[in-house]
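Two complexes, one shared chain (chain A), two partners (chain B, chain C).
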Partner chain A sequence: MSVAEAMTPRAIDVETIGMTKTFGGLTALDDVSLRVRPGSFHALLGENGAGKSTLVKCMMGFYQPTRGQVLVNEMEVSIPTPRAAHALGIGMVYQHFTLVPSLTAAENLVIARAECPKVIDWGRERKELNAFLETTPFKVPLDMPVSSLSAGEKQKLEILKQLYLDQRLLILDEPTSVLTPDEADEVLGLLRGMTEARDLSILMITHKFREVTAYADDVTVLRRGRVVGGGRVADLSVGDMSRMMIGETEIRESASRTEQKGRTLKLELAGLFADDDEELPAIEAISLKVHAGEILGIAGVSGNGQSELIEVLSGQRPLQDGRIFIDAKPYDPERQMMDRFKVFGFSEEPLHNVAVPRMSVAENMAFRSFDKAPISPVWGWLSPLPMRNRARELIAAYRVKTPSTDEPIENLSGGNVQRAILARELSGDVDVLIVANPCFGLDFASVAEIRAQIMDQRNQGAAVLLVSEDLDEILDLADTVAVMSEGRVSYQSPMENTDRATIGHAMAGHH
Partner chain B sequence: MADTTETPGIAVQTDLIGNTLDNIRRSSEYIVIPLLALIVAGALFSVFLLALGKSPADFVALVWRGGFGTSFSWQNTLVRATPLIFTALCVAIPARLGLVIIGGEGALVLGGLAAASIAIPMVDWAPASLLLGVMAIAGCLAGALWIGCVGALRYYRGVNETISSLLMFYIAVSILNFFVEGFLRDPSDPNKPSTKPIGAENMVGAIPGTDLHWGLPAGVALCAVLYLLMNRTTFGFAARVAGGNLRAAQAQGLPVGRLMVISCAIAGACAGLAGFFEVAAIHGKANASLIAGYGFTGILVSFLARHNPLVIIPVAIFLGGIAASGGLIQRRMDLPDATVMVLQGLLFLVILVSETFYGSLPFFRPKRGTS
Partner chain C sequence: MTGDAGLTTVLLAMFAGAIRVSTPFLFVSLGEMLTEKSGRINLGLEGTLVFGAMSGYAVSYHTGSPWFGVLVAGVCGSVFGALHGFLCKLPKVNDIAIGIALMLFGTGLAFFFGKAYIQPSAPRLPSLSFGAWSDHPGVRQALEINPLFLLGIALAVFLWWSLKNTRYGLIIRTTGDSAPAALALGIDVNQVRLLSTMAGGFFAGIGGSFLSLYYPGSWTEGLSSGQGLMAVALVIFARWNPIYCFWAALLFGAAGALGPALQSIGISRGYHFFNAAPYILTLFIMIVSTSRRRSLKGAPGELSITK
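And now, the complex of A and B:
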């Protein structure tokens, strides 16, 4: 590890030519050529499944492209393994952290080296680390266990690790998804500074137009594995880029918000406490009120107790203290009460949270109705024919694309799984709707559809509690916003009295 | 992935034939993979035999003769298959909930002990039918309590059900020994410590025209009943939801704890019935002969049958046949008794490995993709 040559511009020039990757009959990447100029900040835009990850995995040596080459500084190179990519100076920062939580930042950096010494001379390493830190704009406390760092510090450490390994093209996979807006701006701003100093080239996967327009020099847009547009960011508007991403797919108009008369209190959370999987307090004294015809949006950086709150409300996690009330009556997430109070819900990754992957589409759609007539005509008996008929109706009504009612639901695409779950949860009368990150990982068309459905339920008078890590989703849908930070509600306001910046600051907490 | 623009809905009406073919293709996976596993296990076992200088062909021929060749060997096979059916059910029912119970042998032992013990005060006055009825209920209850405890420990205290059921098997054996060597010991029996016999006149009789006792038809009927329970009732549906995805079951407000305990109790009752039939139809009393390993072979049966109660019947007969031929193999091939165990162990390993191939072989996937 040498830090002496930091004066010369060291950013590298990376180019892909005609990258094609097929998996069986599926073409994930089709003739993709893009160039990351030395010292540029290049954004890679595209929907889920557009081929962004496949492209960078080919560049990192995780996949071998079916056709096409990678050029580094205008020389053709072969990248058989991630190790080879590292040797060429190509490093990647993943969406989720890859640090060892129990080790300190310094330890994480040293063990990341390809030739980590058998005996570590910590005195020398520390001197070198400090010298190295001098050369970068990122500041991270070196002696704290990584588990005690904030998400922003962890992300900076991930980037530092790549710089420490002397990687000169950084591939960033949605690096800001775990950060608050302020942290995101800080990290991207520092990276931008390094590219301007020509220390670094950056290829960033993202779906946030704001980050593209604010930080990127160039952009390449992928759709269904092909390059559908790109160029200088300065020459493109957000509208241009979003048209490239979506193509001619029709997007459902977002349902308009109708005025609600009167405010009836529907769902009340009174002082909820619950522990996480390590039996440490995960949520503390959560008190919230949701009225009929209102969407309460709960914003917050991932891991601040939102998922535990949702689990408590849907019966997946025991409540330590506090009560849930619906219509001023105590509510427990048990089947009879769910039916009586008409409580429904869905969440991200339905195959993980609310569906049984190996059961059929028809069976998954019957979870709410299998113990009621007509599927259960006699107590305890289950009759498959009405189950299939009901599924057929719902499949048609919610435009679920499936080869048959008997297909295991895991074989459907993400959007179709979520639509099947929506059909199950929203086809009856809904009084209370509990939703968590409903659009996570879905394509634009599905996202618009699902948001419109949530708005429809609100307009029909349902009390909606929406937890989302996507601030735009909250800004788009919520009537009232609450922010969770470190397991508590740190901020609450009607939507008309607040804005993105205020919510963003509240998400960062008070430290 | 943005597939909303294409024609939505089901394509059933348009090409029924293609659909049927796809269904056959998909379900054939459940036959082809276990068959391949059997062949691989057979090949590995042949290597083992060849290393010992024995002929695999002879082995197969002897298994055929000893297990299925004559009406006598068939009866021997079916007698051995009967407890396997019950103990396999003890694995199959909890497996639908995602629980791996391997301590069915313990429930069998205690079921047998309970049946034999409750008979002691009744033998002198009760008619055979009443006696056998009470004994069967006692066997079921003992097994149900035993494995029910495993389910309760799992749900309420998070104790791993595989470990606890195995450890509880050792406790069950100790309980059996405690009683049959202690105050339930029949003093008139100088040989093996045993409970007082229920008497030949009270035993479960043979099916007319055969040497088979009524345990086999009872087991077959129980398989059919439990198949219906798991596939045609709301209980079975809820159990499959909980087994397929615990979080989804909780989000539907299903009583997961109750489902686990009840399923385990049903499973234990099945193994307890095996113990009852061993006492009431074979031994006539409870003693260490109850610990014959049927509970453990039942695990193999259930996994080979992919926990499907109906498939358990032929699989139990198949393994019963291999066991029945053990004596013949020992005598004719000069191989130790444990040879058959080696075959069973190999089978089990290969079956476990084959489980990982379901859904990953492209041949079995429908031709028409979904995305």
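And now, the complex of A and C:
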């Protein structure tokens, strides 16, 4: 590709008309029409399950629409396969990276080409790649294996790959979910620049209003597979967009924060060190204090040691050094100690992390109590009737939608699994609560419900340690914020003395 | 004096033995390496090796051409590879379980067809003499090298080069490291794995024919004694690098030659113990190269043992 060719404004115009997709009896997409004008930045908003990914998969040729057409530059086209989409200049950047970890950036770019040569002349390829990089605002080291790049560099490389393939409509699927706020702003800003130069049209799936208002020209909002609104971003307020997105669903009001009297120290982490799976240090010298009736929010981009910290606290990873104290007494995350100190917790993707998918709802709900009376009246024996009764009470109290107590928990929807786990963890007295990304991948109603439950526990005097990759969640819930970067606590402050920008910079660490 | 002469003899015998014994290790490990690079483990190569030994010997006996035997052994190996590749692409099929089944199937089939070839003597592969410059008979004998060994070295270098510098090399590495990425590139993952497993089976079949047609040089049922399985350990030890596969094969070959070498200078005490050296080495390598927590460095990301 010559430099001059890449510079010509060649953004394409893409339109869908009456796109409908049914899976069996379920209508995932119902008569969706939207237009991405050439050189525009178009946002596609919607909750999980609203049909956003079904729509883009139809546009990319992964699915065939039941009805409806795609127009490229006002010509009707058929897109039977992703390859056909690529040939039309439509490329997609996925939420999860599609780079090959052990290949270098240069190898990843060359292999992505349709006419990759049989024998690769690296000298020539390198020259051409460097010439190509000159034409784009993105800079990525070419000779490092992708596995050693940072998340921001990987995301840039994903975008570069699409540009290298000369794709002129980029579909971005939540492109900033793994980036720090600063990295996200950099990437979206550069993309915005390319659309303004009419080099590129962009369709971005997102649920972050901030990114829509800051970068998008147009927006389309989907709910339950239908277009429920849209238009110029400049004409819409965040309130308008969120009303379109959520519809009539009743959202539980966030429990208000009650004033706590006195500050008794509850949970103390003193100089924790632990290694990751590669036996390299994952967390170093983590020292934190959580008081009764306080939510300590730990912000940070994923992969900076948060999951290792949670694993240490829940007994899934050995400590190399340091101690954990509860009420000034040494605490080891073992079953008996958890019971004695009333330590509970839950995390993202509960089905994988804190439930046994094929065991029944009742059994999963009894994990904390199955070895105690009344479920286990005599040593070692289980009695199913009290277990079911208890499960029935919890199902009613926490509004878990399940056909019966004996249903395997894997058959429940994500929100209901999380509510079942919440019921198990929060129904008794809670002194210490350890929570990691509790709302990851859930719908608005469940998110509000779960956040309210966490706030309730805080108001009742529990010490809450909340790890979240969602900065808004931290800003919403935490009394004190700490930031983890490269395995260390790089910043800590009471919430009233800090703001989003300061926390965002701390998340980026020492880059 | 006798001690010195003895040591020289042992070292020469081990050198010669390393080259002889390492050849099947080299071919099987290169085959296994290629298969694993594409994201599957083929434990069936032990069966492929034994069947290759039998079929190569039988064809050499009937046609009188040992090289034709080598070719047929390779083709039989790729048929086994194709069977593995085909079965593994069926849904919910585990490559390790299929591999074990094929290992038993291959050895069983080889024993069944091979009964008739235990007695007769087939023409062997010739060797090249590189020792004419020396008048030491030990050196001369040690430098009788089989062309397959040289072919193995060339193959290792070729694989190493092509995994980096060819489209097919990059495609195989992509498929082995991340199937979703490969799918996104429009690569037919099952096809790549099928072909890689077939090529791997071809190499393993050649390795088998070396056993029956050169060293030890006859068809018996106890011919392989687990070399196909040890090659799996060897690939891990070699960190999926073809060049390291060569050095690791030499090391295993030298360990295998230890017992016979000591016997040749009259040390027969602990003969069976020294013969067990490759197995002990395998166990030792598995212990030192694995860790309770660390996943294997350099392993293709799609392998079921590393996932």
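Simple rule for what comes next: the second predicted complex is superposed on the first by the 506 of 511 C-alpha atoms of A that agree within 3 Å, B and C clash if a C-alpha of one lies under 4 Å from a C-alpha of the other, contacts with A are read in each partner's own complex, and residues count from 1 in each chain.
Assume a contact is a pair of C-beta atoms (placed from the backbone, for glycine too) under 8 Å apart; a residue touches a chain by one contact, two chains touch by 3 or more.
Computed from a prediction, not measured in an experiment: that's the story for all the values here.
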{"item": "First, second, both or neither for A:Ser376, with chain B first and chain C second", "value": "first"}
{"item": "Partner chain in contact with A:Arg358 - chain B first, chain C second, else both or neither", "value": "first"}
{"item": "Dominant toucher of chain A (residue count), chain B or chain C", "value": "B"}
{"item": "First (chain B), second (chain C), both or neither touched by A:Ile111", "value": "second"}
{"item": "Touched partner set for A:Glu334, first chain B, second chain C, both or neither", "value": "first"}
{"item": "First, second, both or neither for A:Glu449, with chain B first and chain C second", "value": "first"}
{"item": "Partner chain in contact with A:Val187 - chain B first, chain C second, else both or neither", "value": "neither"}
{"item": "Partner chain in contact with A:Val119 - chain B first, chain C second, else both or neither", "value": "second"}
{"item": "Chain C contact footprint on chain A (complex, rising order)", "value": "81-83, 94, 96-103, 107, 110-112, 116-120, 122, 275, 277-279"}
{"item": "List of chain A residues in touch with chain B within their complex", "value": "24-25, 47-50, 224, 246-247, 249-250, 314-316, 333-338, 345, 351-359, 363, 366-368, 370-371, 376, 380-384, 392, 395-396, 399-407, 411-416, 443-446, 449"}
{"item": "Residue ranges of chain B touching chain A (in the complex, touch as defined)", "value": "1-6, 8-12, 19, 22-23, 231-238, 240-241, 244-245, 247-248, 250-255, 362, 366, 368-371"}
{"item": "Partner chain A, residues of chain C touching it in the complex", "value": "165-168, 170-171, 173-174, 177-178, 180-182, 184-186, 291, 293-295, 297-298, 300-301"}
